[in-house]
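Below is one structure; the comments refer to it alone.
Just so it is clear, A, B, C and D label the chains in written order, and each chain counts residues from 1 on its own.
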Amino acid sequence: MSFPLLTATAALPAVGAVATAAVPAARRTAAKWLALAFSLGTLALAATILVRFDPGGARYQLTESHSWIAAFGVRYELGVDGIAVALIGLTALLVPFVMLAGWHDADPLETGSRRWRPTQGFFALILALEAMVILSFEATDVFLFYIFFEAMLIPLYFLIGGFGDRAHERGEKAASTQRSYAAVKFLLYNLAGGLIMLAAVIGLYVVAGSFSLTEIAQARADGSLRMATGVERWLFLGFFFAFAVKAPLWPLHTWLPNAMQESTAPVAVLITAVVDKVGTFAMLRFCLQLFPEASTWATPVVLVLALISIIYGALLAVGQRDIKRLIAYASISHFGFIIMGIFAMTSQGQSGATLYMVNHGLSTAVLMLIAGFLISRRGSRLIADYGGVQKVAPVLAGTFLIGSLATLSLPGLAPFVSEFLVLVGTFTRYPAIGIAATLGIVLAALYTLVLYQRTMTGPVRKEVSAMPDLRVRELVVVAPLIVLLIFLGVYPKPVTDIVNPAVQQTMSDVHQTDPKPEVEAAK
Amino acid sequence: MTAQLAAYSTSTGEAVQFWILGTLAVLGALCTVFLKKAVHSALCLAGTMIVLAVFYLANGAYFLGIVQIVVYTGAIMMLFLFVVMLVGVTAADSLKETIKGQRWLALLCGLGFGILLFAGIGHASLKDFEGIGRANANGNVEGLASLIFTRYVFAFELTGVLLITAAVGAMVLTHRQRIGRARTQRELAEQRVREGKHLPPLPAPGVYARHNAVDIAGLLPDGTPSELTVNKTLRERGQIRDVSAEALNDLRALEQRAEERLERTAIEAATFKRPEEASK
Amino acid sequence: MIALLIAAPLLGAAVLLVGGRRLDAVGHWIGTLLASASFVIGLVLFADLLGREAEQRTVVQHLFSWIPVAGFQADVAFRLDQLSMTFVLLITGVGSLIHVYSIGYMEHDERRRRFFGYLNLFLAAMLLLVLADNYLLLYFGWEGVGLASYLLIGFWQHKPSAATAAKKAFLVNRVGDMGLSIAIMLMFLTFGSFAFEPVLSQVGDTSEGRLTAIGLMLLLAACGKSAQVPLQSWLGDAMEGPTPVSALIHAATMVTAGVYLIVRSGAIFNAAPDAQLAVTVVGAVTLLFGAVVGCAKDDIKKALAASTMSQIGYMMLAAGLGPLGYVFAIMHLVTHGFFKAGLFLGAGSVMHGMNDEVDMRKYGGLRRYMPVTFVTFGLGYLAIIGFPGLSGFFSKDKIIEAAFAKGGTEGWILGGVALLGAAVTAFYMTRVMLMTFFGEERWRDRAEASGQAAATPHESPGVMTIPMIVLAVGSVFGGAFFSIGDRFLHWLEPVTGHSEGHPPVGAWAVTAATVVCLLIGVAVAWAQYGRRPVPAVAPRGSLLTRAARRDLFQDDFNHVVLVRGGEHLTRSLVYVDHTLVDGVVNGAAASVGGLSGRMRRLQNGFARSYAVSMFGGAALLVAATLLMRAV
Amino acid sequence: MNPVNYLYLAALLFTIGATGVLIRRNAIVLFMCIELMLNACNLALVAFSRMHGNLDGQIVAFFTMVVAAAEVVVGLAIIVSLFRSRHSASVDDASLMKL
């Protein structure tokens, strides 16, 4: 038997989490380095997956399969396709940066109690979250996926509820209540989604007699497994609801602004750049493959919801007064694009959506982390408390501008490629929706530039006049991400090469082909 | 009468016995539930149990019938009475309901449950009515014994374990652990002095009351009862009988007689008011 | 080789922006050097093209596949033909001159290195725009110049007005960009591609309606970038940027990208007459709009900006005429590039000498103090009003001629508008000239009023005047050079196509009419501003003047409808999100919580209550059993 | 007479006992009601024994008695200690779980 690479990739951060948590209270720095080392090790393993993955080969590669709960046919089945590889890569890449960015976020405020170990907890929770996210990208057994899909709520709950914006909270008593409100809301909302999905998972087992994605998809494809139309639609809705909450899709989005606003910037990045991607990824992998007919049936509604997400998220972002909330609403708008790309049912749309997941992860990480640096310097999340930062901290402002430009999908930066692919993919099939969605790019420019203008330009406010520029640690976090944004904006081929075959497979699963250009069709 | 029906029915004598004793049993049960005093309840229950014992006998369960009388009614019910005495035999419960809606819910549930049970029994197909005769052919006790020591021997052993456990459990529950050394009389006396509460021995009950029952408080010189004279347990149960008014009335009668004899007018009626009344 | 054209300034931008403060001392030289390098490469390529046959002057260089997705091929490929070559030379040539000028102009700015980085970035993006071989890559350049323009307008970010203007420019451009992206999507839907070659060669295979849609979307894009009505509002505010920026981006190059786009997509417009008509209408309206606004502005840069708008209106008008006008549109674009850049640099020089004062009412009589500026500005002035013999005369005259040649009522209307525009142009440019360089020295009053010693205006250093002189030479001789022997026509014709129009009146008559209009305009201006002293404070003016000063209420309209309306919309949406969408969520949570609170009351701690529940449950079980048996 | 009547009587007694458990507060009376329910069950068992003609019903009734005895012993012990600590035999007083 070959080396279980996929298991190892997920197990390493899990082991790291345990090891980090076990570090004694006094050795705080050692715990940080240990966690960072583990995350880098995971990155190395993820890179190995990337190398070992053959885009032209079988659909699921590096597969592992062991019996687990034999009575219900639940198996420990792992396997990756191109889409999963891309997202595992993104996850493994972001975690070390997130850790570095949050290096001091979990230092205890007062050094008194010897048993209190928030730092260890913070880093251990991040590693645990990473393990679960990676496993949910890898799982090809529906039940196994469900377990990790739900389990990742636990570390995230503690990360949101336990570690708030330190600087913002100083002297504010209400902050911790708000934070626990956000954490509970996040947990309950996602649990509710998960619960409905559980019902659908069980229903699927009753109908299909198996939890194995590959088996069911195969049976669906060759016609040996037929589902009654009504049954398929209900099951689809059960799955889709959970993913739409996680993604999040309008009108199930309200947990995201609260969660992102209250958590520290690194955790906010984890939420939106990594965890939420599981939702959109699962739509692509589970909804479309397991329920092709129902997916086609639901397409118009989903597209309209996605369109509403895009415009609504953008408009709300314009109206926000809190930096992090603004970014959260911008993310909602972007998730609208991703979902729209997935359900446009064209190869451009789906490739674009997959690319978008990666690119949005990078761009949000840049924007959010820098916003976090900014907030940690001034101790306020309110946009109105800033002004003229550009003058005192030009590097911070410059990188923030690049993050903003990536968010508004400027050509040359990675998000443009994906956004345009999504738009084109949608447009070829649903022109009206495609055109309406382009409004989103105007609004994106509005909210990002308003944010930049109000915080970075203008006369220097007294409170920010002594603000230090980016430190070396912070620059180490931001610079590689920006380089990656530019590289993928100009040369996205490495990613598209991995993604394309998987997208073609998905397209054939849902029995869809791209519409032909009209000129050719006329001939 | 067909053979079938014969198998179903019993003798007229038994029927008469059933209707009379059954009515008694139900009455006893109702009294158990609705009488205020626990001791009355216990007695009614004992009566019901005896009636049931008779029914056992009538049904051919001779051993059980005897056991019911000897063990149940004789031992267990007496244990009940014992506890009732311990807790306070004269205390009457208020039957007023304190939990909102509890009584109605209880009655509703009981009624529903009863109807359901009756319906169930009515529906049940109780066709083959064997009669106990054949099973009791070798004697009831012998029959039971052979079953208990063969087929049910394991359960029987277990009941033994259960009984021992129960006995130990009862001991544990009622036993008070003595934590420290028992204090000597001297120490107790010293403590009393230190606290300065009540130095001499407590007064005996009924001293000035012309009664000598333990639950009657002795009267102080002004005619008021002194709680100190009554046992703590009775005090806590609220079972003090107050005879002070009687004594005062006696006193008043005595004085009236003296007035009549000595032909004097009453000095002042108000002086005979009880001190706390006077203070009001 | 073509890629090197872009790579040079791109490298400059990267080095200057990433390099940090170490490069502060030499940054401007690096920037200028790389811009000039690009110009030199452009010249070499130009020579190469000239050496070929007219038909083989299109060079395509395929670099790599940009976005390879099934059915969707976007390549990084460059196309160098006569049209792009013209632009390359204009961009790099004028660009290099302005780099040189900026060395002097920005000397005292501590962030000069960064300024040059942005300028280089702009050059790279603009070259990418004109060299792209497909619309998507063009879009890349299109947004790239938008970014550079954003950065440069907002270069003095500490001024809130600059930051706001930059944002406004970017946003209005984004609206246009939306048009371009929709156009690209339409092309993809129709032709399965958006490279120039397949799209433009298959135009005949699709319906006119589709082409009209594409054309209108391209026009929207062009309106955004070229500041045409109704998306013109950003250009005036864009003058918040440093003057070299106004010269390079908002006069000579970037704003003409819209014209480039339409000429480049000529095949589409040729097949969609409705779209073409829309282009001419937009051009004509903007022409007058810009001219009217230009008459009322007291800010020298804003007056020039309005003039730019108006001149681009001419180009659009010409481009909308189809093969009649493409060549002349581009020709006017090039000559305009010279003289407008020259005028802006002149204005910058004046401001440089006047401590950054922009109000013309506080100038006056400057010709004595800055002779070089006066001469070069004057030559530019003569060129823009179309003084016979100078470059503006040749190009503008051709456009007016072509407008008449359109024929029918349309031709008369368009020609009339163009003529009227020429007259108004002459008026407002003369006004600028007179208020700045002639008349009494009003700046003295101002200085005295504020109690300061009168700062004597001074001529700018050589590094600034030399580019002005070069541009002035271009504005004087450019037109004649292009027109004599129809050189420009022959050069561009293989790409854009050309058809001779037949104006209803003779060419000489048109020219004569133009000259007459121009003289009227100058005369009126002289009557108003030359003979009488100019008041230092703007008079109230007529209704039209006041409207023109406020950009014909365009900004007010935007403010009321878009900004205010948008604010209300977002505010109410925020409210809706909080109360309604989130309210449903919180309400669900609260009702579950409330229900639990009620249920909790059942746990009252009384054993007997629990017993009732138990007993009730048992009763239910019995009932269920009975029912099951009954069934 | 039909011997099923014994069953009806048993059901009636059981119901009365159960209702008593629900409405009485005195722990001792409560216990008595439980005893009444157990006895009702015993009666039914004995009647069943007779109907089926074997002794198993009586055996079960016998065991029931033993268990009842054990239960009473422990239960009364609990009541006594409860009374000692609370000076009351009311089950409602032992309601620490309530809000």
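We adopt the following convention: contacts are C-beta pairs under 8 Å (C-beta built on N, C-alpha and C of every residue); 3 or more make two chains touch, one makes a residue touch a chain.
In this text the structure is predicted, and so the values were computed from the model without any measurement.
Novice: Hey, which pair has more contacts between C-betas, C-D or A-C?
Specialist: Of C-D and A-C, more C-beta pairs in contact link A-C.
Novice: Counting only C-alpha atoms to place each centre, which chain is farthest from chain B?
Specialist: That would be chain C.
Novice: Go ahead and note the Å separation of the Cα centroids belonging to chain A and chain B.
Specialist: 72
Novice: Distance between chain C and chain D based on Cα centroids, please, to the nearest Å.
Specialist: Chain centres of chain C and chain D, defined by C-alpha means, are spaced 95 Å apart.
Novice: So how far apart, in whole Å, are chain A and chain C when each is placed at the average of its C-alpha atoms?
Specialist: Each chain reduced to its C-alpha mean, chain A and chain C end up 37 Å apart.
Novice: Would you kindly tell me how far, in whole Å, the mean C-alpha position of chain D lies from that of chain B?
Specialist: Going by mean C-alpha positions, chain B sits 15 Å from chain D.
Novice: Can you list the residues of chain D that touch 2 or more other chains?
Specialist: Touching at least two other chains: 18, 22-23, 25, 92.
Novice: Which chain B residues reach two or more other chains?
Specialist: Expected reply: 99, 102, 105-106, 109-110, 113, 117.
Novice: Identify all positions of chain A at which a residue touches two or more other chains, and write them in rising order.
Specialist: none
Novice: Identify every two-chain combination in which the chains touch.
Specialist: A-C, B-C, B-D, C-D
Novice: Which part of chain D faces chain C closely enough to touch in the complex?
Specialist: For chain D paired with chain C, touching residues are 18, 21-23, 25, 91-92, 94-99.
Novice: Under the stated contact criterion, what part of chain C meets chain B in this complex?
Specialist: Result: residues 604, 606, 608-609, 612, 615-616, 618-619, 622-623, 625-626, 629-630 of chain C touch chain B.
Novice: List the residues on chain C that touch chain A in their complex, please.
Specialist: 17, 64-72, 76, 136, 139-140, 142-144, 147, 150, 154, 157-160, 162-164, 166-167, 170-171, 174-175, 177-178, 181-182, 184-186, 188-193, 202, 205-206, 210, 566, 569-571, 573-574, 577, 581-582, 584-585, 589
Novice: Which residues of chain C touch chain D in their complex?
Specialist: 600-601, 603-608, 611-612, 615
Novice: Along chain B, where are the residues that touch chain D in the complex?
Specialist: My answer: residues 8-10, 12, 14-15, 18, 22, 25-26, 29-30, 32-33, 38, 41-42, 45, 48-49, 52, 55-56, 59-61, 63-64, 67-68, 71-72, 75-76, 79-80, 83-84, 86-87, 93, 95, 97-99, 102-103, 105-107, 109-111, 113-114, 117-118, 121, 126, 128-136, 140, 143-144, 147-148, 152, 155-156, 159, 162-163, 165-167, 169-171, 173-174, 236-237.
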